[in-house]
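Working notes for the structure below.
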Amino acid sequence: MSISAIEELAKSQLPEAQWEWVVGAAEHGRTFRRNIRQFSEFGLRPAVLAGITTPSLKSNWQGTEVASPLVAAPIGHLTQFHESGELGVMEACRDTGTHCVVSMHTRRNLELLSETAGSAGWSYQVYLYSSPDVVAQQIDRAVQLGATSIIVTVDSCHRSPSFGRQRLAWDARKLGQRDEVELPESRDDRVWTWQMLEQLIRRLRIPIVVKGIQFAQDALRARDAGAQAIWLSNHGGRITETDQSLLREIAGVRALVGPETTMIVDGGFRTGSDIAKALLLGASHIALGRPLIYGLVKNGGSGVAEILEIANRELALVLGSLGISDVRNAPKHGAQIFELPNAAAHIGD
Amino acid sequence: MSISAIEELAKSQLPEAQWEWVVGAAEHGRTFRRNIRQFSEFGLRPAVLAGITTPSLKSNWQGTEVASPLVAAPIGHLTQFHESGELGVMEACRDTGTHCVVSMHTRRNLELLSETAGSAGWSYQVYLYSSPDVVAQQIDRAVQLGATSIIVTVDSCHRSPSFGRQRLAWDARKLGQRDEVELPESRDDRVWTWQMLEQLIRRLRIPIVVKGIQFAQDALRARDAGAQAIWLSNHGGRITETDQSLLREIAGVRALVGPETTMIVDGGFRTGSDIAKALLLGASHIALGRPLIYGLVKNGGSGVAEILEIANRELALVLGSLGISDVRNAPKHGAQIFELPNAAAHIGD
Amino acid sequence: MSISAIEELAKSQLPEAQWEWVVGAAEHGRTFRRNIRQFSEFGLRPAVLAGITTPSLKSNWQGTEVASPLVAAPIGHLTQFHESGELGVMEACRDTGTHCVVSMHTRRNLELLSETAGSAGWSYQVYLYSSPDVVAQQIDRAVQLGATSIIVTVDSCHRSPSFGRQRLAWDARKLGQRDEVELPESRDDRVWTWQMLEQLIRRLRIPIVVKGIQFAQDALRARDAGAQAIWLSNHGGRITETDQSLLREIAGVRALVGPETTMIVDGGFRTGSDIAKALLLGASHIALGRPLIYGLVKNGGSGVAEILEIANRELALVLGSLGISDVRNAPKHGAQIFELPNAAAHIGD
Amino acid sequence: MSISAIEELAKSQLPEAQWEWVVGAAEHGRTFRRNIRQFSEFGLRPAVLAGITTPSLKSNWQGTEVASPLVAAPIGHLTQFHESGELGVMEACRDTGTHCVVSMHTRRNLELLSETAGSAGWSYQVYLYSSPDVVAQQIDRAVQLGATSIIVTVDSCHRSPSFGRQRLAWDARKLGQRDEVELPESRDDRVWTWQMLEQLIRRLRIPIVVKGIQFAQDALRARDAGAQAIWLSNHGGRITETDQSLLREIAGVRALVGPETTMIVDGGFRTGSDIAKALLLGASHIALGRPLIYGLVKNGGSGVAEILEIANRELALVLGSLGISDVRNAPKHGAQIFELPNAAAHIGD
């Protein structure tokens, strides 16, 4: 089965308004749909007779060996899709050696999740909703529970409406069980500046990943502020109708920040070739977001594990066809990817 | 609700021929449809952690402070959509601090409209249907009633047929109430030249905006003729099947006329990201045309106010996501907009 | 009414196989459809306040004044669409001051047609089916009857099958009345070379137009062989699936042959803006082909005249909006046409 | 009848899952569909009056004269489509003077096939499933039976799943008769390297063609390893979702390997213009794959011969329209092909 087939299955099982909650994105949703389509705008040139039996997917997340460059992206409110919710995702990550990023909006208790984590470790994602002190407290709790890095999401404080979700209202906060503590009330994320983030990073003793970079200059600012890694993301197209393809930005950001900076990319990845394309362009890790929901809907944690296994299996096949024996060498194969001048010829595919 | 949703609502409430009167455009209507689609040909690059709570939309119309860069474009024959007609639009502008351009084809009495105008002021739009003397008289009347600038529409004297409207005839002149005086009979707009306009401008003591510029050289001619501002417009695609995207012309015209010349742009704007894109490219003001009709059909003047509020609210969110705290700084953020090489990949969106 | 509307009407009145005979083209017919679509790949920039009341369409066909740059393209076998057949077309040309090119495959008698011709004159089109002597005899007959130029069609001796017409057979030769003499039997057009054509041209004392040029170098060869004019045409897409847009070739051919060589272009013209675009790019005359059939089906010669009048009327409006007072000045307005980088965004229009 | 019409016929006669086996390709199948569409991304410029009666299609396969540049691509498991299977293909090749490449997965006995071969000869295709010794034995048997060259397919050892075939399972190995011996069990194709292939080539005394090249550097490696010819192929899009158009790679590979190296291309060829385009870009031979199946389904070996005759007939017409009298001169006509900037305008065609 493919991730797209599991997506179709999930769509058929959810109420229309809940499905719209999943796929609803900023304004008309073009950016969300472009996330999916952008992969057909790049072509691959396979290389043969490289003598590769099984390409190695082993990667490194902030010093910890992980099974593959895949990462579970942070998604909250997951108990509305399956009673296991975020725990199912953590179990799937444990079982597949995948690094798991737990959302600040997790419904399942952080203590429980931390006990479930496997050798690939887990990270905690925070929004900057509150004062630096409160944010630091939230981070401290996660660090004490074993989070090996902190993902700071910085892209969401000016969120455009989704026209699709305006039509079909769905309040995710009211559905599903919760055994995690409630979040603090205040939501002051708009006041945050690069300077405030820099101060926060200096105060903490844990690697910080800045998630939600879409502008090359912001990647430099993040690095200068002390971030260990940069996460390119348009938040699944949910914040602003940018019409931008982040896949097209990877090479430019990589050139700007140099080969040593860790770069995570998310948005629209569904197949092995999708993932391989981003890696060849210079991404270090690929995060899967909505596909985790599709897996949960299908079969709880086992469904999520199935999603991760499919992605890893397909990725290995594409890497093999490209003559890449170790995923860490992907950036050296830049001559095997190119932007298509006639990409639009793929419309409808 | 989005402007597009209100558009759908209006479409469902109007007879087909009247709807065709609204959207019918030159020849096959490709230019009209491109006005809508052109925004997906430009991508935005959001900037984060700028510490912006609420972006300021405050702008300046010919020396008067207005609530936002939005302007109500001149549309006549509005009482066919709601009994309040142009008065509803004026009330909405007053209530939202929007500058209102009253069409020479207004059905509602100019004295009444001028009494209703708010602090953002109003302008009067004329076609050059008659001799310079008659046109000057019409302008004088508006100036005496308080119009702060005059919009001279220059694009309409060679109007191609709309194939859609050829199929479904609709005579807007026969519908709706009229309490404004009738226009003079003569229609000699084809004889007008740049020289005649220059003489008219010299004779008048009020800022003149030339509306209907589509060719960069004409922007220079308008400035040389004494115009205070340039209005880029293809008249909603209603005059000529140009297949041109005016959004693509903004930067070139801006480079030619320099940063000080006021530039208004209309055509196809429906969302916050649409408006933000034109501002980043160099537009000073954005005029909404057909959306005013959709608001009128929904709920008279309150519907128009709803349209303007939606546009302002969405614009503020997009500006915030771009790290722009004051809309007047938008032109400095040129690195955050770019033309998409694969725009066609958006077709169908 | 628009030409496209009359096209729809004709389609609804003809048997499916006969319609396929009209629109069926080489292989999958992409080139035929591109002939229609190519116009949306070029944008126009209108120019205002030029003081033009009615643009002059008057043109010159080989020294004879004609009402407009439009020419009736040669089409044979027309009595299957209306009993008047080619006579209807000639009457329409006479009544509208249009130069008429009579096909060698005319069903109506050449003597009758020549008597009907008006002041705009007529030309005779030949295929090189036979030996130079026989071709010269055919030309001589037409010249004696008053043809003012001869169109030699050179593109048809290697005609690819139309997959559409393979499905729906229609033998045009068996339908409709004939009062013209039969053509000679032999069909040796493949043996003809540029050298043979040059010898034929030297032998004749009448302007020769070479029709069916699609390659810039062939335009030079035609000029060198003594042709007075070059007719760019892909024969309505009927011969070879080239996927080429001839509109894109006009400027290159014009640059190669210089401003003095007469250039006719046909293929896909349906609206005033279509025609204006080709003229701005450098064409001297535009020939209408299939639209003549649509007019015949609607209403015989009167229908054809309606087609020509629509095209002239729409053309004048577009020229006026471009600030062009005389169609002969169109080539000087090259800055007002440009190729769209995102033309595909028009698909579906 | 056209090849596409026979394709439609075959589709209507096969069970859905078997049809999916035929057209099912890697991941979403975009690459397979692009194989078909890529031809509309290149335009042709016909040349007239070249005095060509019938273009010569005669070509040369490794020293043997063949009727045309067409080659029958290797396809196995053919008895599921018609009882004659690979024998039908061989008979069609014999009857049309086409060189036939027999798949290692042939169901029909190699001795029988070799006895049937005509003057255009046949080749044998192998996968590198086994140790060099076993592969050499397989090749030896074919050589002893009269194969004039060996095609080594190198692209298939990392095959991505087909999402279409995941939905509709079809086990081709269980259908149709077999009178050929079974293949060896071991499948070690992933261990093969360029060095191993070079050693194998040195050991053999027969021309070797490397099939499955998609990367220009691999074409050089193949030549350096001793290959006599290079076969550009993405295996009908069945291995990896590359989104690449191999048609766009031909000119680059030709420039790299020089004019003397034989280059075969397959993938998506259905019409005369498709084939002509690849030849103008620099291909030496065009291989037909799936169309052979369509012919078999329609009418066994006679159907395959019909496919080959259609392709040859259409090719001759397109070459004639391009002014090419001998297919071997096609590469000299490079000015008559060009990449379309607006290819996407063809979508839907």
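A few points about this structure:
Each chain gets a letter, A, B, C and D, in the order it is written, and its residues are counted from 1.
Following the convention adopted for this analysis, contacts are C-beta pairs under 8 Å (C-beta built on N, C-alpha and C of every residue); 3 or more make two chains touch, one makes a residue touch a chain.
Please read these numbers as outputs of a predicted model, since none were measured by experiment.
In this structure chain A contacts its sequence twin chain B using mostly different residue numbers, the overlap staying below half. Of all chains, the one whose mean C-alpha position sits at the greatest distance from that of chain D is B. Rotating chain B by 90 degrees superposes its CA atoms on those of chain C, with the angle stated to the nearest 5.
Work out the mean CA point of chain A and of chain D, and you get 41 Å between them. Multi-chain contact residues, meaning those touching two or more other chains, occur in chain B at positions 40-41, 340-341, 343-344, 346-348. The touching residues of chain B, when paired with chain C in their complex, are 26-30, 33-34, 37-38, 40-41, 154-155, 157-161, 163, 166-167, 190-194, 196-197, 212-218, 221, 234, 239-245, 249, 339-341, 343-344, 346-348. Within the complex, the chain C residues that touch chain B are 1-2, 4-5, 39-54, 271-273, 314, 316-322, 335-336, 340-349.
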